Amino acid sequence: MRAAVIGGTGYGAIELVRLIKKHPFLEVGSVVSNSQAGFSFNDIYPHLSNVVVQPLETFNTERLSEENDIVFFATPSGVSSKLVPKILEKEKKCVDLSGDFRLKKSEEYESWYKHSPVDEKYLNQATYGLSEINTIEIKNASFIANPGCYPTAATLGLIPILKSNLAVIDSIIIDAKSGVSGAGRGLSLTSHYAEINENLKAYKLGAHQHIPEIEQVLSDESGTPITITFTTHLVPMTRGIMCTMYVNLKEKISTKKVFDLYKQFYQESYFIRVRPEGNIPSTKEVLGSNFCDIGLHVDERTNRLTIISVIDNLVKGAAGQAIQNVNIMNGWDERTGLTDIPMYP
Amino acid sequence: MRAAVIGGTGYGAIELVRLIKKHPFLEVGSVVSNSQAGFSFNDIYPHLSNVVVQPLETFNTERLSEENDIVFFATPSGVSSKLVPKILEKEKKCVDLSGDFRLKKSEEYESWYKHSPVDEKYLNQATYGLSEINTIEIKNASFIANPGCYPTAATLGLIPILKSNLAVIDSIIIDAKSGVSGAGRGLSLTSHYAEINENLKAYKLGAHQHIPEIEQVLSDESGTPITITFTTHLVPMTRGIMCTMYVNLKEKISTKKVFDLYKQFYQESYFIRVRPEGNIPSTKEVLGSNFCDIGLHVDERTNRLTIISVIDNLVKGAAGQAIQNVNIMNGWDERTGLTDIPMYP
Amino acid sequence: MRAAVIGGTGYGAIELVRLIKKHPFLEVGSVVSNSQAGFSFNDIYPHLSNVVVQPLETFNTERLSEENDIVFFATPSGVSSKLVPKILEKEKKCVDLSGDFRLKKSEEYESWYKHSPVDEKYLNQATYGLSEINTIEIKNASFIANPGCYPTAATLGLIPILKSNLAVIDSIIIDAKSGVSGAGRGLSLTSHYAEINENLKAYKLGAHQHIPEIEQVLSDESGTPITITFTTHLVPMTRGIMCTMYVNLKEKISTKKVFDLYKQFYQESYFIRVRPEGNIPSTKEVLGSNFCDIGLHVDERTNRLTIISVIDNLVKGAAGQAIQNVNIMNGWDERTGLTDIPMYP
Amino acid sequence: MRAAVIGGTGYGAIELVRLIKKHPFLEVGSVVSNSQAGFSFNDIYPHLSNVVVQPLETFNTERLSEENDIVFFATPSGVSSKLVPKILEKEKKCVDLSGDFRLKKSEEYESWYKHSPVDEKYLNQATYGLSEINTIEIKNASFIANPGCYPTAATLGLIPILKSNLAVIDSIIIDAKSGVSGAGRGLSLTSHYAEINENLKAYKLGAHQHIPEIEQVLSDESGTPITITFTTHLVPMTRGIMCTMYVNLKEKISTKKVFDLYKQFYQESYFIRVRPEGNIPSTKEVLGSNFCDIGLHVDERTNRLTIISVIDNLVKGAAGQAIQNVNIMNGWDERTGLTDIPMYP
């Protein structure tokens, strides 16, 4: 299958290219970048010299749908809402890595993203693609709204305890930390080397656009409306997300029991590695891979559960999960093309 | 006044040397390192070439108390408990930067530090030295137990809201992040460059020895026993601590009101900079300085207060606060020798 | 084929494991670590949880040669000289990633490495494995002395100009820079995070053990004895080597002509990417891959050629080239299992 | 004396502010930033909250010269050439940290900087201010062209051997490495965090505008025209420059003898620390200070001298040397306000 990538010069797009190249059933098709069309890919990304040689194209609905079997959108907010419908009309499969089709309520999209929402007709066609949780829906989908990076790490860590009915529902706090690649390739002072190196910075307190997405998933999965506190930090490293999450427990329960519960919950999920008691994952332990590793600790003094969930924001938090979803959609083993060991050190 | 530094080759000690050199009323006296005695300081720290030239000495009570007016201990846990009493017997002023004299209850020290506690007779002579809070006691003290790095950042951020009676007392969560210099100069895999660079790591969940220290301060200041949840993370940078802290509020209150409360509380405190609404400090904004900067945000959706407090762990979190305490003890302006602007970028 | 890895907990060894797992014709066999025998691999390297699960073994000649088809040694200097002969006696294929079998003159080994040299009988069985240069010898070899990281980057960059007879032979200067993973996983102050982060450090001036190796290769290839000046620097990053090399030219020649010469020289070499004029590679552009990228610039004012050569020290500079050599030894396409795109950013 | 800073939001300017605040005889006067005029300094640089509180101003010749005793220009190339003359007409002292007045030959400025050169009348008033070398001229100057960062590190390292008549004059190679702050605060992909972190990059081969400046100084000091090869690299750290320099020697001479020669040459220069044999400086050993540390090594195999010179690019390479020059101009001890120990770690 030929896979097109729209938004070709961003970090999400080149990570898609990297993963598509490894995949036995996919090949890199059209790569679209309106701003850089006509240039060769390796002019902009010399690391791709001799490997990906086709020129960057403009977005052309006809050509795209003729020459490709599936289209990945790795575009900024507000772009895929306009472009995806054109591809859907051609009855091609799509995966959108942006936030445009994730929120079921248009007014929430408008209020958090400050863009006009997409037409309901197309919004309804989108299947939210948290691979381990929405597996059945994904199998039958032809258009995936791929989850955000923070929501992936946060919800995979929280869902088992929420479903267990052990959590105090209004106590959830997510203290999230991300490497700088999450801010993309667009220039800004907050991604300027001398500003962020040797620095730790909190940002968008109470205003991050991933808040409604996390709440939507947690509310759906737990069957009850959930409001969270969510704080994001920028860490001086390129890749990696860690969510440190705090949940009050309704009753006394040991770390070991919580571990068993998570282990059981994710027994079929190759990419979720629940760590045994005393073993807390760090971001580098998933670098470059599609794993989401989860550590657990019950503080008996406060009866509060701390959950630590780590992913590579560009893999499980973006391009890797997109490939995993394509695997599921096509009935392939979900691990196809995604079995690389994390790169360490 | 001549100031001796014990523990001469650790990071706390060389930071003390750096700050003593800037101080108009202090000069570097004896520098003690049992392991490196006889070597010149600049053999071990070439950055001090031509600047600090005396040889490192062994610990000799007589000579130390004869040749110095004040003695700083920047030694590992379990060392100053043995050495400080010898200096106290000589009626010399001391500042201990280790944790040996901070906890008022010996059994807590033993249980968290895994060392034998110090004799009560000496423990009672120690004044806990959180400069902005214990100012009066410090003025009259001759022996200071200098606060830990995390406790400094955490308690300075929490005390105003606790004293206001607006906080739900059992809801306090401290998500703390530190640069690697906090782990000291001793070799270990967790300070090995290739392991920690491009990595974010949580450690000692529910077991960090600063937990009882924070609880002791908060309980004393609020007049009620307080139990916290405290998580520590290692961030790939050399210096800096950030505490992101979560407190449920008893009633609705705006960020602006909380800001006013903090601003009022710290109106006399030069080194505490309370940031106005929407302005959240990052660690680099205090680098190399004795400032503690505090940002505030009330999430109206959950009525939870987020407090972000940053310090340089080696300055306000160690050597700088030690100098500030010496200033207060001696009746000097607390800012003496500490007015450097943060180094940026 | 089952591949054993000796020296199992070092960075060279885990990189071998990562690459063997990707290889279609190889599988991870015994992993030997005398110091950690009995532990499971993922106790020491949690990033390998659920992926590599066999326990670490002690070195047992019988079992190793029975259960494996090829043995990789990723051991410190002075170790494989003792162990490789045991495996050779069993007529198993070996690749040694250490320096023990690289230098043809025993006295040079002794003088630069400060270890006793290996018995000539075994030394003579070793084929030096610079894949692109020694391809024919490697095809017929059963025991490879895998090149050092610096020698790989340096000699691949210098050989074409030396063979062209355009270079002033006694003018070669190699200014080399390496990430910290090159120093291995052993603890030392020079790999201690707070010492090397935000620091640039030159080391072992005129004394690096890779000097005789580089001179041996260059002398062999050019047919004339060559003495170089070689300086190494430690750069605050985990992976990557850059050699900036200076060569006086015997006659005026343009950058374009030198480019043509290199392009021609490496026309069959997939892993060598010669960059066109004005395009200078950086280390990140080969991260995680087996590429060696080369940039060229003739300074017409001084008639001096500057060559910039970059590799990932753990891949093309160690484990990747070892796999490439195994591919060549076995008559497989040299790219087998090594086609991953560099990870960027 | 009141000191104005023009170019107020760049890194050179805030470093000037940091150093002026430490200086006993200087105070921060006007701070000019045309782009940010009207804003308070600490809106843009929160690390200056409560410390530097005056608003940023526009450039107004009258007001500037009335309210200030000395004017520092920390502006991009092509700006001070237009503004400095206005201040000189008012007979105020100036220090220009940009390259506009450094090159004595206008045509060289034009060819390397791609800007129109300044009027000769004003160019002739500029005294090149390499503090240790041009001390006498600086004493009598009222307008200083402050040296570039690379030229400072390079020429301080090379002048003693050139003056000794031991160097082969056409053999000089300077392999220079810089932290990213040298590229300033302007946004560009080469200062974008995810591009430069974990990366080492060579740039501007044979085309760096500091080449003619270095050649001018070396030619002047040695009394013979000198052409160099100069390569610059970007290192993933914020501050610091290292120049690794190679010079062929006319006769056999030991490292010890070269050390003696340098030690003698710089015996009066507090800020130049010549390191003894076997002791090579790293950039962190001068961080935040005005020191230039120099290490030396003669390779007896090639009779080539390697000189390693390190500075903090923003201090000795910019703002610190500017203050040192002001000290000399005013007849103060050159160390005034500059005695801080490097910050370590």
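Observations
A, B, C and D label the chains in the order they appear, each numbered from 1.
In the analysis below, a contact is a pair of C-beta atoms (placed from the backbone, for glycine too) under 8 Å apart; a residue touches a chain by one contact, two chains touch by 3 or more.
All of these numbers come straight from a predicted model, not from anything done at the bench.
Touching chain A and chain D at once are the following chains: B, C. Contact with chain C and chain D alike is made by A, B. The pair with more inter-chain C-beta contacts, choosing from B-C and B-D, is B-D. When each chain is reduced to the average of its Cα atoms, B sits farthest from chain C.
Chain B and chain D have centres, each the mean of its CA atoms, that are 36 Å apart. Distance between chain A and chain B, defined via averaged C-alpha coordinates, is recorded as 38 Å. Chain B and chain C have Cα centroids lying 45 Å from one another.
Shared interface positions of chain B, defined as residues touching 2 or more other chains, are 11, 181, 194, 197-198, 236-239, 284, 287, 345. Residues 11, 180-181, 185, 187-189, 191-194, 196-198, 236-238 of chain B are the ones that touch chain C when the two sit in their complex.
Across the complex, chain B is touched by residues 11, 14, 17-18, 21-22, 45-52, 181, 198, 238-239, 270, 273, 275, 279, 281, 284-289, 293, 339-345 of chain D. Interface residues of chain D facing chain C in the complex, by the touch rule stated above, are 170, 173, 175, 177, 179, 194-195, 197-203, 205-206, 227-229, 231, 233, 235-240, 242, 244, 246, 280, 282-284, 287, 295, 297, 299-302, 304, 306, 308, 310, 345.
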